[in-house]
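Shared chain: subunit A. Partners: subunit B in the first complex, subunit C in the second.
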Partner chain A sequence: MIPWRTLLPIAAAIVLTGIGLLSGSYAVTVLGFAFIYTIFCTGLNFFMGYTGQASFGQSAFAAIGGYGSAILCADYGWGPLPALIVTMVISGIAALLVGYPTLRLRGHYLAMATFALGLIVYEISIEWTSLTQGYMGYSGVPPLSLLGYELGTVEQQLVALLVLALFGIFISNRLRQSRFGRALAAIAGSEAAARALGIDIARCKLIAFVIAALYASAAGSLFAHFVGFISPEVFGVTMVVQSFAMLYLGGIGTTWGPMIGAIIVSILPEALRGLQEMQDIAYTAILIFILIFAPRGLAGLSSLFARGKSRKLEEA
Partner chain B sequence: MTGRNTAAEADPLLRAEDVSARYGHVQALQPTSLVVAEGEIVTVLGPNGAGKSTLLRALTRLVAGRGRIYFRGEDVSGLPTHKLARRGIVMVQEGRGLFPQMSVRENLVIGGYLQPGEVDAQMKAVFELFPRLRERLDQTAGSLSGGEQQMLAIGRALMAKPQLLMLDEPSLGLAPRVAGEILSTLGELNRRGIGILLVEQKAPLALKLAQRVYVISLGRIVAELKTDEIASYHDLARYYLH
Partner chain C sequence: MPKFRLALAAAMAASMLSGPVRAEDSFKIGSSVGLTGYAAVVDRAWRDGMAVAAEALNEKGGILGRKIEIITEDNRSQPQDAVVGYRKMLSSDEVQIFDSGCVSAGNFAAAAFVMRAELPMYLCSILPKREEEQAWAFSFLPPPRFEVEPRYQYLKDKTDVRKVGLLYDPTPYALLMKGLAEELAANFGIEVVAQESYKADDADMSVQIGRINAAGAGAVIKIGQGGSTVTAAKNIRQLGLDKMILMSSNDDGSIFRQAGEVLGDRFLFVSPPVQLPKELKPGPRKEAVDAFLKYWSAKYPDRDAANGARAWDSMMVMAKAAEVANSVEGEAMRDATEKVPSHQGAYATYNFSKEHHVGITENPFLIGKFAGGELVLAQ
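Moving on, here comes the complex of A and B:
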């Protein structure tokens, strides 16, 4: 039997998608971004939440995915799916090459190194105009197609993005429950203890970093296909800040946190649009309010309720 | 660098030659040599800050150190900590190194990382030694008492099927009765064929258990004694004051 903690978020995401589909193309677009960010943050959560490491550079792999898919599809006539897979492989190799020396660093040093990685790729996407067209951006990226069927409308793409986001969460959760996932949890708990138990922490961290890069790359590719256009700003510092807000708000280290955070951070500014110049203040205040009352994120609240319930049962 | 000694059968379980370690500019452990024979319990005694923990950390490569380490005659000096654990050298760290947010079960399962096919059997063996852990299986490690935490730390190390178990101050912070129970369990483990290298400050407890004692002071071993050579605890005092 599937537990309610799994069924509830899936049902909520489906209902939300239904509401979005009935509300028009603008709502569909906002939700589409939320699901793309869900995929991005699920990868980030794998590295930061499950493994306990810091990375400010995942936007680099999203850029590789985004530009890779755009170039392969728009210039070379590739199908979106092969382009997505090939760019994921390229991102994975790039993550291996970058991660091998970088992941020897810890804490703030690792954070700074990965941040530099994001900045470098951002600069390349601006300066290498013959490849990326710089600030002009890359247009003419075809919409997503699956198994030869083109998802020509944003509504069709939204449903595909929902399925892909749920699939991404499912894979991440299965990995988390595996022997490898337990090793990551041990590393997050104490690197010295993990090492003493025979866990090769350098290898595990590298694999986790590559997995996070694969998710980021897929998110970048999906973004390019969903919008049909990409430019360097998409993969800038804003993406890093936004994804961190989503991760912490939703609940870092939890299964559903990335999706909850991505949906709230995407929808909230739109819901507050009526407040006009007060919009940013209200938006920030709500984020702070949530983080004060749910310091482990909104997904963390469910475990608090469960614990409270079991305590009551014990007392009875 | 690995290589077999020609007289492998005569090799001790562990032989360390001139192992030293430093933290930055501070030489925390002078070149130190020690031996743990098969089936032996060896205790390292010494005052606070003498370098006992550093010695264990250098032997398990949790701190970078110099010197040669041989395990059953094989040179394992260049191996990192996780590879030493795979050879059967497992350490229970000072402060226990548990994962406090995880349940007892999860801690034990992670302990069995190197023996994925034997987790259930190993867990059963751990429960025979520490029945209390079975009762606390779904409780978080952080919510256990100090004694139970130490049981879990040892149990988790046993999940890796060690041949040599190194323990850093297992009695630290425990009531004398509980500390006595924990140390007597180490005797039982030794009877089952696990070599034990124990770092302790509580000399009376450790001397009851060990066959040999190294006394360490100011980062160097100042004496090696058989426990039956120690007529009284006062004999040890002169080494502590060395």
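Moving on, here comes the complex of A and C:
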């Protein structure tokens, strides 16, 4: 039997999508971005949450995915799905090449190196205008299509994004529960202890980094297809900051944290739009408030129920 | 804790389910502007220019008897936020037309679905690239060549400088202008000897300016807006280049004042007549500027009027289009905008047609300088 802790978030995501579909294209767009970020953050969670490493450079792989899909589809007439897969492969190879030397670093040094990676790719997306068209951006990226059927409306795309986000979480969770996933948990706990257990730390970290890059690349591609346009601003520092907010708010190292965080961080500013110039102040105040009262993220709150339940049982 | 979660969930559900508010007797104009981020200076002026125009038009009964209601959404100068804002204005606010700010990427990102919704977009930015999207978009930005030609003409007529360096940022408009600056130089007997780029948030440009100087340039043609112009002026002075001229793109008057205080006569800038109202002679142009300044100066006595004037003009063209169409329906407004007779605005003269969706077809720019504590025409 599937436990309620698994069913509840799936049901909540489906209900939210249903509400979005009934509310019009504005809500659909907000939720669409939330599910794209869910995929991005699920990958980031794999590297940061499960493996305990820091990466500020995942936006680089999102940019490779986004620009790769845009160029292959808009200029070479590729279908969205082959373009998405090919760009994921390119991002994976790039992550392998970059990760091999970079992951020798630890802690703040690794964080700075990955941050530099993000900045380098961002600068390339601005300066290499013959490839990326710089700030002019790429327009005319076709919407997602599946088996020759184009998902022409944002509503159809939202359903596809929900399915892909849930699929991404499923894969991530399966990997987490595997022997490899347990090795990552050991690394996150103590590298020295993991090494003593015979875990090849460098190899595991590198694989986790590549997996995170594949997720980021897919998110970048999906962004390009969902909006139909990309430009360098999309993959700038804002993306890094936003994804970190989502990860920590939702619950880093948890299965559903990335999705919860992505949905909250996407919806909250919209709920506060009426405040106009006070919107950002109210938004950040609420984020701080949540982080104070739920330091392990909103997904971590479910443990309170478990604790409450066990306390009641003890009292009984 | 459950109460908190319940309240949070209720707030979110309410925001998602809240339906559109209908107001049959109002004319709703949506505006996506970068009130924060790199476009904030220009787009805040654009928002305020629209607001004073709406006030003036509403005093006369609005557009076709409907009161104007402006719905503004901050896109934070980011395309993703622009997409969300445009979607909100389309589906929740049910706006009838867009009159948006200068964040090109945001306008480009939204152009495809705004076109599908068959609503015209009046833009402070350049036009989207795709032809089918251009059919629904109208730009109130001067063609980039108009900012280049007066500078070269001035150098040719009033100075001995024949070698220049281009200092540009990588924004779409600046890149277009930079390409034209290279192309047009020979027509004025000028040689471009150096091209250097910078980022809008660069705190120092002495390396780029040093290279321009080393290449033998007597003037820096600065292409791009914002505080970087003041930085460039300071760097020229710090490097001791006491003959180097700095010629800036059109920008906010506060930038011109700051750079002028640093370089004095050696700082020149491209300026529309509304920035130099004292230089205007009686005639339709002065009347248009005065009509705008009457409202603008009353509300914002200390603010530069240039970008607000363009927004004002866009609203006046819109009002005329509605008169021509005798309707505010999207397609009718689009077609009517192409038929609006030549309109003398506060910033420039606008001649939209089926072929010209960039309305400014006559160069409005003069060359100005900062002297005696104010912006004046450079003689």
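Observations, loosely collected:
Here, the second predicted complex is superposed on the first by the 313 of 316 C-alpha atoms of A that agree within 3 Å, B and C clash if a C-alpha of one lies under 4 Å from a C-alpha of the other, contacts with A are read in each partner's own complex, and residues count from 1 in each chain.
Heads up, the rule we're going with is that a contact is a pair of C-beta atoms (placed from the backbone, for glycine too) under 8 Å apart; a residue touches a chain by one contact, two chains touch by 3 or more.
Since the model is a prediction, treat every value here as computed from it, not as a measurement.
Set against each other, subunit B and subunit C touch different numbers of residues in subunit A, with C touching more. Of the two partner chains placed by superposition, only subunit C is touched by A:136; subunit B is not. When the two structures are aligned on the shared chain, A:270 is found in touch with subunit C, with no touch to subunit B.
When the two structures are aligned on the shared chain, A:183 is found in touch with subunit B, with no touch to subunit C.
In the superposed pair of complexes, A:192 makes contact with subunit B only, with no contact to subunit C. Of all the residues in subunit C, the ones that touch subunit A in their complex are 1, 4-5, 11-17, 20, 35-36, 73-74, 77-80, 83-84, 87-88, 90-92, 104-105, 108-109, 111-113, 128-130, 133, 170-172, 175. In the complex of the two chains, the subunit A residues touching subunit C come out as 16, 19-20, 22-30, 33, 126-127, 129, 134-137, 139-140, 154, 227-231, 233-234, 238, 267-268, 270-271, 273, 276-277, 279-280, 293, 301, 304. Contact residues of subunit B toward subunit A in the complex are 60, 62, 80-82, 85-86, 90-91, 93, 97-102, 106, 109-111, 113-114, 116, 156-157, 160. Contact residues of subunit A toward subunit B in the complex are 179, 182-183, 185-186, 189-190, 192-201.
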